[in-house]
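One structure follows; several queries about it will come next.
Order as written gives the chain letters A, B and C; numbering starts at 1 within each chain.
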Amino acid sequence: MAVTKTQQAASRMLLFLPAALWIMIFFVLPYSFLGYVSFKPTSSSSAYLPGFTLENYVFNLTDPFFWTILGETLLGGVATVVICLLISYPLAYRLARSRSKYRSLLYMVVISPLLVGVVIRCYGWMVLLADKGLINDLLLKAGIIDAPLPLMYNMFGVMVGLVQVYMPYMVISLTGSIQAINPELEYTARSLGASRFTAFRKITLPMSLPGIMSGSILVFVLTISSYAIPLLLGGNKTLTTPLMIVQTALDAFDWPGGASMAVIMFVIVVTLLSIYIKVLMHAMRGLK
Amino acid sequence: MREQKKNLTDRLVDVMVFLAYVFLLLPTVIVVLAAFNGGEYLHFPPDGFSLKWFSKLFATEQMMESFYFSLKLALAASVSSTLIGLGAALYVVRYSGRLASILRPYMLSPLMLPSILTGLALMVSFYSIGVGGKTFFGLYAGHTLITTPYVFLVVSSVLYNFDYSMEEAARNLGATRLQTFFYVTLPHIKNGIIGSGVFAFISSFDQFPLSLLLTGPGYSTLPVQMFDYLRFEFDPVAAAIATINIVLAYGMMFLMEHSVGLKTLYGGKK
Amino acid sequence: MARVILDSLKKTYGSNLILNNISTVIEDGELVSLLGPSGCGKTTTLRCIAGFEIPDSGTITIGDTDITTMQPEQRDIGMVFQNYALFPHMTVFDNVAFGLRMRKVPREEIAKRVRHIMKVVGLEGFEKRYPRMLSGGQQQRVAIARALVIQPRLLLLDEPLANLDAKLREEMRFYLKKLQKEVGITMIYVTHDQSEALVLSDRIVVMFNGRIHQSAAPEELYRHPATLNVANFIGLINVFDASFRGLDGDGAFAESACGLLRCENFMPEHFRGMADGTAVKVGIRPESLTISSFCPESLPGLNVISGTVKEKVYIGNMFDYRVATSGGELVRVQASPSVDIPMGSSCWISAGAVDTLLLPLE
């Protein structure tokens, strides 16, 4: 009996083994190696030198330029989250409360941008926002402006892209939490004399806070770690921490430098995600 | 049926919601329009319908090559991640017991961390052990890695919703464990498996930052190829291949919605 | 043939003792209910018999076979689940045929047996439908057909009526009983609904906290409950705190706040050698009490208590009184409407010693 139980446990482990190994070999070990490299002295002739140093961290953390870029990246993240939230909330609210037969179609519309790669969506924005793009073309022809507006290769273009690309995550998160609120609560508030807006403000909005929190943290993390969007829509004019990491590690061939920045970024992301998971757990406990 | 009269706020919200939908779909629609537009730039009024960018695309060898390369890569990665993810989901949901609270985050971690950092970590590691960062295997390993969590997530949520008494009923009626899995369990989680496999395929096909760092000469994925193309040229050949890509992704989703139901993908019950 | 013997089953989850020494014998052709509140271990007992749980110790035998650790698919036991557990991706026919296919029964034979069982459960013509197209009651009968068609040695039912509405539940009780007699199969039935158990069972096994408190025929259980829990769980009962005053011939005495009560309804083995003054409970069912506006003649076998009518409700075939006794308890009395005592007036309630239960504390 005891032997067969151990055998059974072992054969069940086989189900998990491939995934466990794959993630270990191609995820845990590479990240560990990246961490290891971040403590190695920099070299101009090879990837890194033997030994151990804190120099890379000291250098980055005392480098005003690194802090400026990190600050701008985080600020850009906050701005994206706020804009995303403002655009997504009405949509999510309507979607969550919709009883239309087109509801699942609308849901498809919301998540379908996720099916289109980030490069393609950025390309779409380029066609719209370029100096010779559709928007400038329309505005020029209408005589509203005399010279093309600088709509991309700047922070504006990057923000437009970020908001559009990560908005579905916000909508999904908000819709989920609004749906979980019994609509009768709002009706009750209104029957007690609250206006529609007051009922929303006092009941639905506070109750959807878990969705707002989790959606915001998710979009924030995705935004600050975004690489393709600032690269494509920002041109060479905007620099974010992910771009800086790749530039340092590859273009300047400074592995330890880039690796140490990556570790700093990693710490920020993991911290935010653990808050995200805490928020989610808390929200889920509230629902049960 | 008569509805309650809409006030100004309602109408304002209606407009905002409508604009939000437009905003979501705009770049995709514009890319498709640009692909069929006669001119080099999308103007208003447009330059008329044309298929010339498609014919130019078919003559652009690098684009077509990377298109087929991406198909191959996405197929290999999604098949692998489906098998790996399915096994892991079965184990974690069924047998891991209290360990699940550790194993779940472990399985999801590749999805959580920025793929650009994962790409960097992989590239640096591959170089250091002398494999070289830019091989098909490197891309395949990376793509499988970041698509496995999707499969795991979807299949495990389907398994959590699965009514175990159905398996017990089958056992009670004389089916062995294996028979129960194939006759009862598998038909139930099949949709989740197919759905997550398709989703894994699409996200591998669209993956950019990871591929950018692991792509080498002769091993260029489509998004990377498009990215390179857009740096030097700005003509709608990119729009033409993007349109094919979009049609492919939407087509797969459409087929899936009809055969499987998309809800399985965002964890809803059927 | 299919005599089921549960012998000293024990099962713990962590530090929770779920089954504490469960032993009982279920005779061939008997319909036995496992009755008790949720968490009492009745479902765990059933799952041990079906093979979805293995008891930590103890044995389960059917006929001559020890099945304690056998795989579920080898046990030849039918089971109907609370939510029916029909396979939604299979038609009714395929659902019912599943067990036969697993047994590699030839196709014609399967068709024949499915057709027959569908007739037995009254669902002919539903073979091609999917479970979701059937009503709750029909799904229920498919589940029963699926379990019966394999001609199991034993049929287990886990709260099979819990998901049905009240009217259908009532109907299905009689249906199940009739079916069981027709098919002649041994059945173990888990429920928390005492009236269901009373209607259906040949014998009821009442469980609390993982232990069997009593195992008896419905009438016996109602008339002579062995413990306070059983008395409370099955039917209504008025309970008085009392102290034991010794055995006397066929009866015993207990001192309550209302005076000395003679009890002749008890299990002597619980009280033999009990010290005088030990705390006990005295129970009298509302319908065993008689109410009158005058003091009845004092007879040796009659317990009389004085009180005041506090509430009175007319419920058609009787009056339902609430009487505050001289001892301070509130007692329920169900009496025929021929005697009508006004609210607030003083009264006497009496019960024969044969109807007065003496119960040990748990």
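What we mean here is this: contacts are C-beta pairs under 8 Å (C-beta built on N, C-alpha and C of every residue); 3 or more make two chains touch, one makes a residue touch a chain.
Predicted model, so just to flag it, every value in this text is computed and none were measured.
A.B. asks: How many links in the shortest chain of touching chains run from chain A to chain C?
C.D. replies: Each step joins two touching chains, and the minimum needed here is 2.
A.B. asks: So which one's got more C-beta contacts, A-B or B-C?
C.D. replies: Of the two interfaces, A-B and B-C, more C-beta pairs touch across A-B.
A.B. asks: Could you pull out the chain whose C-alpha mean position is farthest off from that of chain B?
C.D. replies: Taking each chain's C-alpha mean as its centre, the farthest from chain B is C.
A.B. asks: I'd like to verify one number: the distance from the centre of chain B to the centre of chain C, where each centre is the average of its C-alpha atoms, in whole angstrom.
C.D. replies: Their C-alpha centroids are separated by 55 Å.
A.B. asks: Hey, how far is the Cα centre of chain A from the one of chain B, in Å?
C.D. replies: The computed centroid separation for chain A versus chain B comes out at 16 Å.
A.B. asks: Flag every residue of chain B that touches chain A in the complex, lowest number first.
C.D. replies: 9, 13, 16-17, 20-21, 23-31, 34, 41-44, 83-85, 87-88, 90-92, 94-96, 103, 105-107, 109-110, 112-118, 120-122, 124-125, 127-128, 141-142, 144-145, 148, 152, 202, 205-209, 212-213, 223, 226-227, 230, 234, 238-239, 242, 245-246, 249-250, 253, 257, 262-263, 266
A.B. asks: For chain A, which residues are in contact with chain B within the complex?
C.D. replies: Of all residues in chain A, those touching chain B are 9, 12-20, 22-23, 25-27, 29-31, 33-34, 37, 47, 87-88, 90-91, 94, 104, 106-113, 115-128, 130, 132-134, 137-138, 141, 164, 167-168, 172, 196-197, 225-228, 232, 242, 245-246, 249-250, 255, 258-259, 262, 265-266, 269-270, 273, 277.
A.B. asks: In the complex formed with chain B, which residues of chain C make contact?
C.D. replies: 50-52, 71-79, 81-83, 85-87, 89, 98-99, 102-103, 146-147, 150
A.B. asks: Which part of chain B faces chain C closely enough to touch in the complex?
C.D. replies: Chain B residues touching chain C: 163, 165-166, 168-176, 179, 183-184, 187-188.
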